[in-house]
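These are the structures, in structure tokens.
Two complexes are shown next, each including chain A; its partner changes from chain B in the first to chain C in the second.
After this line comes the complex of A and B, so read on.
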């Protein structure tokens, strides 16, 4: 039965189903050992806790499918968050430099901050798509660059005073009648949009074609450089949105925010079966990967494991999941 | 060790591939310390024979005796140790290392993994000095010309006491002066107890350099003779092409047809000012040997490589960028189908509509029912052997993969199709099917350019034939009953005359 099914579906669906299976097993094990793990509220938490990683994961996934990395997203979050604060902090109100901003209207501050976020994407795109520099090098560079901007603007600390009242609204409002935050809604909308883009649009298809064979894509008339440029701009924009939502939630622009998120976004994409060789993977897989990571970290916390263990745990889960994938795919081919 | 008169004896050698016998009962001897040339058209079986000798392929039957002993190399390294070195067209030198490091590469003396300076390197260097004193051992190989890199490889082969050095078209990428120097070195190798197996399409070189020549055709051994026993080029050409009867070409009825493509004076790093015209419904064939500039011409027209000169397509100047060229109505079946033509990890449905997504989408959204339908249509029209539209292309045979590339280009609705080596590496049945498709397209009024290194292919289906040599257009002929294949071979191998 299983082999029959296995033969009929594509590798991509097979991997998504396989990782879904892994998720179910992990969840079952966690329910057995961790008190109250099965409660609906806990499940909702597991699905929504990681909203910021999932949003980043969308851009990272599509870029990985084209065969490119984006390691700049974590730094970009810090930069955009800090800038959104600085732009709309009141100007000249205090002796303390960190309490003085540019005094721009709130909306203008957000738009400007998002443009800066896309600026990071534009730098990535220029070097990677036009000058053909390996993406891992460039995006590690822009990761530092963006975080550096955040550090300069906050003098290595944070900005959290003289903000307009509107600033905290976006990140702290729940959808009426529920406890679901706006940010989670944004994540859901973006994941659905990404799913539609991936499965139904010509541009989504191009993403796979470029990853599967960039030379054949070029000879088939696809504007490879332009497409990769657009994806980097989109990935920058998604990081910017995340940065603004996080800054709003904490009513502060913190230079150290989102450290390591670029790795988390990469890990959930890999857990979801996206191939770093390009041409293969899906947003839904990435979402499943995010939930796997969330289940593991939540279970660890529930088992009263000290937070110091989080990194080690993430590392182990990544290894096991990716080995399991390899094993499953090889078995399938044989 | 008693030295046999023949360094190599090949007896009833066979090599089978699925659907084709590439080397068919070949037997001949190679005399010690001679320069033995191997000639034949593309597909004659030379490369397969060489790959067996170098251990890249294993033979399907027959025997090979090296110095009178059974020779059966497991891999190229093994072949080298047993005494057969090869100078491939793609040279085996590492650009980032020095000449001396390259000479000892793979046989360094080490202690606990650390390199040790020993006499070996001095011996290597002295051999190289005797061949070409101008190459310095401490020089980086990246600074050397192709010709000098070849000499480094030859030196390495000589110093490791190879009995045989196989040279695969060593003159394809080097200049006239360097060729003269290379020949001097090759002649000098006899004195160093080395036999050379020399492969070249440039027939003049065989008369200049060779002691013996072996001619192969269709996987069979035709003859082995001393070069002095061969009168001239045309006798050699006759041996190469034999009495091959080409599938009869039928001339098309004369019609006044619209001019589709006009190239004037195309010039770039490879092309030396090429001009020609193609009309609707015409099949134009560009024939030349490897390195003659066929692919470069196709890539220039397609806007992949830069060029000077002018290309007019249906009266308009063509912008040099593939996406614009495709939009104008030109499609290319590239030379390498896997690396340039196909998305092998995707399905047939993922490949076929790629060059014209607008036809299967609305407002940027793909209509997957439509996509399946057209894919199914092409599967039936070109008779692609597959169980469904959802099969990954990598799982198809070579001929069926090539049909997917054709489908992709046909779906682009082009008025001009460029086919670079359209039947390379596919079996005879699929070949004739593809010729059928090409003829049908031409009857529909499409202009077709074929770039091929297989003469039967060119003579079989092309209306006009253009002969390329070293990036230049040497002659253009109309196909017909009195076309002379010997003359064609004469021209593309560097002979003069129109």
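After this line comes the complex of A and C, so read on.
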């Protein structure tokens, strides 16, 4: 039996490397055709612009590995953002109902908003882990539920007045000496934490077993329902953190914020080689997927394609990626 | 024994009771301000005609959607398929094509979209949710690209008028104040209900949804059946989109948004099991009417920004009802 380096790495690492190769090629092509693409500032932008999708992608990736979807993250961002603003706004200061909030202290408002975000995760978990309803149906329902709360609290518009000054600090502070925002730092910390969870903890490895064979996982003593519940709570919390950071950056709670982010999070996970068939995928792969998406969309903008191209482009890129990954894995087995 | 009979009775008739209760609720809620059956009342002829006319797309589509879900598959791209069909139909009519060629081209497009979904799911074996989520964005993207930059929809302008006959299909009254499109939808429902109950296609769909391996072992070509069902759904999504374009006299690339959710709610209310294997086209239609009553009825009672919340709640409620009825029976 021949044992070379190529045969010793796992299928996940193989796919991550494969997509990294794709990324390098795409980047090279973009540098040739798009003016100024090679500039360092542009590279920093490509790595950091998608921070909100990457944070969402962490939760979505682990859930996909267990064979479940989470389409509620976009709505959850809007809801948490709007609620954090509403809780913070001063009470009884204006005739305009949208300028009046609950007047809670800043920290209390954030904690409460994050708890609401986890509430959406709890509803998902109850239906999916306890009642065994397909995750796609439930999370599309909670997507509307969360978006609905955002619309009711803002009357279909937005809340952006009578906020304390502290509210805008979190989203607008840059790391000293750079143009990189705190949110990007949050993304890096969360990705590293997720990587450690995936590779080095028992719970992380159990996630793969649940995805590969839920029945075997249950029989070997893993509490599958509890594990999936915790993952949905975590995904809700990550969406909540993103929602608060975005609300702080714009100093406004907008009911239409983050429309379609759930699809983007799914796309980067798929680009990174995560498989819904279960038990397969990695956080690093997801991050590579995010950078690929970023390169493609930035290059498209650089080539002066109208924004209307983005849906078609994302759709095509995802299909090609899914088919290419399957082809690469089949070739590897053969 | 008696308890079993009761449960069977509830499962059979609950959806009609729900529809009746909702209609009664919306007819009494504003009685203080409007007269029973009078102008502005939920049950006035005008309001009923309006409700049924706006219900045409979902009535046209949800029968085929039910058959697909009975066989255990799902199509999340139906809303975008509708939008793309609406845009293409409006574009052809605006550019001087007459009704028949525009109709044929739109339906052909629908078959093509369904064929693509079938190819991805059945042949290339990409998970249905992922494949159709991606085609959702693909179809929507193409529809957005067709609409000229700076416009929100394909519509008539000062230089190029939209022919008035575009309304003939889905707005002009032909019988009892209702348009052709409504009667076409009724015909579609009747045919699909017969297909589901009396033909081999219906039996095979249920067999594949119940247990695909067993169905294949007993000689059913599951790939071809599923593909056919995706094509049917694409075909009727195109017809629904055409009706929407004809009703609004324009091709809006976002007009089908959320259609997949309305269809899922209708199917769940109708008692079709999420995992496939059993269900009923006729009950889905009652479910579709319930959604339309809730959507139009609520608009007269509460502000528009409650709509999304209301629909999300109806979906979760439908899941709970479905769980109680379908699952409880399966366990017994």
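Operating definition for what follows: the second predicted complex is superposed on the first by the 328 of 334 C-alpha atoms of A that agree within 3 Å, B and C clash if a C-alpha of one lies under 4 Å from a C-alpha of the other, contacts with A are read in each partner's own complex, and residues count from 1 in each chain.
Convention: contacts are C-beta pairs under 8 Å (C-beta built on N, C-alpha and C of every residue); 3 or more make two chains touch, one makes a residue touch a chain.
The shown structure was predicted, so the numbers you read here are calculated from the model rather than taken from an experiment.
When the shared chain is aligned, chain C comes close enough to touch A:318, but chain B does not. Between chain B and chain C, more residues of chain A are touched by C. When both complexes are overlaid on chain A, the residue A:25 reaches neither chain B nor chain C. Using the contact criterion defined above for the overlaid structures, shared-chain residue A:208 touches chain B, although it does not reach chain C. Residue contacts after overlaying the shared chain place A:189 against neither chain B nor chain C. In the superposed model, A:147 lies in contact with chain C only, and not with chain B. In the superposition on chain A, contact of A:218 is made with chain B only, not with chain C. The residues of chain A shared by its contacts with chain B and with chain C come to none at all.
Against chain C, in their complex, chain A makes its touches with residues 69, 123, 127, 131, 133-134, 136-138, 140-149, 151-152, 154-156, 255, 263, 266, 270, 276-277, 306, 308-316, 318-319, 322-323.
Only residues 10, 200-203, 205, 208-209, 212-213, 215-223, 279-280 of chain A touch chain B when the two sit together in their complex. Against chain A, the residues of chain B that register as touching in their complex are 302, 304, 322-323, 325-327, 332, 334, 339-347, 350, 354-355, 357, 361, 364-366, 390, 408, 412. Against chain A, the residues of chain C that register as touching in their complex are 74, 76, 120, 124, 126-127, 129-130, 133-135, 137-138, 140-142, 144-145, 147, 149, 261, 264, 268, 274-275, 303-313, 315-316, 319, 323, 327.
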